[in-house]
Amino acid sequence: MEIYYLTIKEAIGGLKKKSFSALELTKACLQRIKLIDKKLFAFLTIDESRAIEKAKEADRLIRKSTEAFRTKPLLGIPIGLKDLFTTKDLRTTAGAKIIKDYIPPFDATVVRKLKEAGAIILGKTNEDAWGHGSSGENSDYGPTRNPYNLDRVPGGSSSGSGAALASGECLMATGTDTGSSVRLPAAFCNLVGLKPTYGRVSRYGIIAMASSFDTIGHITRTVYDNALALEVTAGNDPYDATSSSIPVLNYASFLEKKIKSLKIGFPKEYLVEGIDKSVEENFYDTIKIFEKLGAKLKKVSLPHTEYAMACYYILVPSEVSSNLARFDGIRYGGERNLFGAEAKRRIMLGTYTLSAGYYDAYYLKAAKVRRLIKQDFERAFAEVDVMIAPSSPSIPFKIGEKIDNPLQMYLSDVFMCPVNVAGVPALNIPSGFIEGLPVGIQIIGPHFKEELLYQVGSAFEQETKFYQIKPEI
Amino acid sequence: MNKPKSYIGLEVHVELMTKSKMFCQCSANYFAKEPNSQVCPVCLGLPGALPVPNKKAVEWTVLIGKALNCKINNVSKFDRKHYFYPDLPKGYQISQYDEPIANNGWLKVKSQKSKVKSSNNETMKQSNNEKLFRIRRVHLEEDTGKLLHVGQETLVDFNRSGVPLVEIVTEPDFDNADDVKFFLEELHVIIRYLGVSNADMEKGSMRIEPNISVVSSQLSVVSKKSKTEKLKTEIRLPNYKVEVKNINSFRFVKQAIEYEVERQIELLGKGKTPLQETRGFDEKKGVTYSQRSKEEAHDYRYFPEPDIPPMTFAKKYIASINIPELPQQKLKRYIKDFKIKESDAFTLTRELGMTKSFEEIMMHPEIRKLEITAQEVVNLLLNKFRNQLSTDKTAEKLIEEIAAVKKLKVDIANSFNEAELNNSITLIIKKNIVAVNDYKKGKLNAVMFLVGAVMRELKGKADPIIVKKKLIEKLSI
Amino acid sequence: MKKKIILTEDEIKHIARLANLPLTQEEINKFQEQLSEVVDYINKLNKINTDKVEPIAQLTDLVKVYKKDIQSSERSLTQEEASKNAKAKKNGFIKTKSIFNL
């Protein structure tokens, strides 16, 4: 297998054994990008010379001693960063034309942490502009394509990250998840994607979409890789007043734990009309596998599920309209008429829901419903340890299929966004293929219990090994 | 003819002199710095930046609230206030809307134009010609950048963006410009006593925006006497108020208010209703003028700031915030303990530095020795103050000066009491023939003995140099 | 399909003004339709009784998160960095379209 398809665990093993160098690994990925990215359009900016320089530095450290991996757990690993991540002296566009030439003078906290952990930043990945979307089609630069089928969407909004990783352009890619945006591309690209608990990972330097929903996640090939990366990114940040001081665990150590007798719930409200029959079947197969692994499956209820979307589509655009107010073309970026259609739509909707006369009926009302939804999750977790649900009601759809109807597009988030409303963590795990296209299930856990997600996810992954199936490009 | 009634309220902004800005670590001291040299991603509003509140700024807001007799709320939070302007980098200001840190306070100030007779003590807490003005709220927010208009260009400097700003809003309890001026001057001194700001209008660390509504009085006051016999005044406030911006000194505040009141009276006289608007103040012409900005009322679309968790203030914490002795307390104490004139005590207490000098001097043992009175100390300090001389010297040095001044005074007194001095000299010469003869024989130092004798005789209330001069004159005869 | 138009054209224009978004007539028409549809959908929240529910403003249970009042240059930007991305600058200032307070 090509080294660009290695897991992080395997790559580190290889670097330690000197099977290949960090420079070779980085160059392999850069080559891969040069070869296939014109078909995929996963990257917006490539930082080739700096990546090579950093790879050489990594090799110097590794030559000195492999102990270097102790303090730099991602040393020499080439990664892609979603273009919402502010990178110092490297163009950051948020997938939007209005800031197509923006070069930040600082690094986001997570970027700094990844750099300090030795990761090699290959470049910035494509996305739905500002995170607004679940397919990648709202990128001002053009949609990214699904490596498993180029006519299909890779899921969004971290579309480029999903496609880049699935196609071997890097070994890990970061994303943000405000309504589905890490989990969906992970599901549509046969990958493991984490939406951490709100406040687990610092938001400082990540271009804000909805401040009380945004979570900073990442996509990897395996559960182990994902846990390893969370150990690097998680933790309190004095620059982010909403970041938690709850201790960061050695998440990777939880993977070996068995899930026998673990209580897994599935929300009855999620199994509704509108799911593709094949997705539903896949979900039931998934349940059987968990039962085989010894877990106890139980139906639970999240009674306010039907209101989650409406709640989400009031609160999120409200915060979006506020967070995009700083783009006035004075200190950076162009004029506001350069915003794309979806961004304008959300700004308009959010301005409306916050405006005088409407604030109580919309924003305030939604903020109350939000509490009810959060309580639904808390009550469910008193009965079960984790919950599982399909990550999407459909298989990856065709590019152009849903874009003309925003409301239809919003509804594809129906299983995803209640998780963001409640702030709980969720992990997408590949659950199989339908018509050659990847589908996934999400494992949802209580606040700050990412280790449980990894435990459950790992058990399923080892049983099914879907990560072995690479796309044919 | 019905006399028109003015309702004037104030919105005061005070820039806090914290070391760092409200939500980031940049220096809050932006005065006269190179443009855009004290900024960071947070105060420049770069994408992805997040605010973290300055603990000291919050504490000082509680302090100001307490000094203004406010209730400090148990829970408080920040909110986003949205509007677009080049000096507002995020497109919203982080401020406070419905849960400010402090509210419902008051400040009593002496009024020259008191309209309420104090014979009935059941009226609001007032004494003599003191008036009580209510403070609606005290809240914390961030300052904006600064705009510079040069020809056809507008230039922006973000050094000031993010500096902590405390906003103090009063009820529309004022009905004349003089009261406003006294109130503001008192507030200014209180802020300086607290050590939280220089509150300098010229430098922009204290900003005033009065709002003025004048109505023909038949609309205004409806008085009721309730069962508890308290005079309950129901005021139906007018549905328009005019805000005046761009006022740079207390003197101009008075001028602007007086002009605006007249302007509204004139309009009312013509049967017109004043328009609810924001007006600017032209200090050269002494007039307020319409600012032809959008007539639409601002819709700030306030919502709770999601990036900042709420603040809570426990009773214990609130109690631990100590207010120093404030000007009015000090004034009363000075009059009582030191028996100085009220007007002098007032002037003295305007400057915390002077009061420190005063108190230090009064505690010094030399004062008793030299029999210097409190009034004499005050005279010296006020004299320097009025002549804009520094009082920034040690207590000892100042005491020396007073001693010197006293001699001058005695000298002045002497010119009226020359008789006393001459009598004294004559007497001493008579009593000390030996010393006189010594002097006449050529022992010139003997005169110093005589000078000392005269000084003792006059109990030190003479200038030894003049005494010596006169003795020599006399002895030369 | 029944298309419910809840927002008037004037309302759309008003919102666009508040949001500082210059819109073409085409955009105004399009948003009127699309936003009306979304607003119709979000109105479903009216079905729930939330009289006794406190709104949630903060997902975290955090309170009193502050920073010390210490000046530090760890995030300071130079004048050049601060104005690097601005379209127009002059003598260290960032230049913008002329604003006159009339």
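Chains here go by letter, A, B and C, matching the order in which they are written, and residues are numbered from 1 within each.
Throughout what follows, contacts are C-beta pairs under 8 Å (C-beta built on N, C-alpha and C of every residue); 3 or more make two chains touch, one makes a residue touch a chain.
Please read these numbers as outputs of a predicted model, since none were measured by experiment.
In terms of inter-chain touching, the protein chains here all touch one another pairwise. If each chain is reduced to the average of its C-alpha atoms, the one that sits nearest the average of all protein C-alpha atoms is C.
Compared on C-beta pairs in contact, A-B and B-C come out with B-C as the pair having more. Rounded to a whole number, the gap between the C-alpha centres of subunit A and subunit C is 24 angstrom.
Averaging C-alpha coordinates per chain places the centre of subunit A 56 Å away from that of subunit B. For the pair subunit B and subunit C, the distance between mean C-alpha positions equals 39 Å.
In subunit C, the positions touching at least two other chains are 18, 20, 57-58, 60, 62, 65, 67, 75, 77, 82-83, 94, 96.
For subunit A, residues that reach two or more other chains under the stated contact definition are 102, 105-106, 212, 238-239, 241-242, 325, 328, 330-332, 351, 355. The multi-chain contact residues of subunit B, meaning those touching 2 or more other chains, are 41, 44, 52-53, 84, 86, 91, 156, 158, 299, 301, 306, 308-309.
The touching residues of subunit B, when paired with subunit A in their complex, are 41, 44-53, 80, 82, 84, 86, 89-92, 156, 158, 299, 301-303, 306-309. Of all residues in subunit A, those touching subunit B in their complex are 84, 86, 92, 94, 99, 102, 104-106, 108, 203-208, 211-212, 238-242, 318-319, 322, 324-328, 330-332, 351, 354-356, 359, 363.
On the subunit B side of its complex with subunit C, the touching residues are 18-20, 24-28, 34-42, 44, 52-58, 77, 84-86, 91, 147-149, 152-158, 280, 291-293, 296, 299, 301, 304, 306, 308-312. Every residue of subunit A that touches subunit C in the complex is listed here, in rising order: 101-103, 105-106, 198-199, 212, 238-239, 241-242, 244, 304, 306-307, 309-311, 313-314, 321, 325, 328-337, 339, 344-345, 347-349, 351-353, 355, 361-362, 364-372, 374, 406-407, 410, 423. Those residues of subunit C whose C-beta lies close enough to touch subunit A in the complex are 7, 11-12, 15-16, 18-23, 27, 31, 34-35, 37-39, 41-48, 50, 53-60, 62, 65, 67, 75, 77, 81-87, 94, 96.
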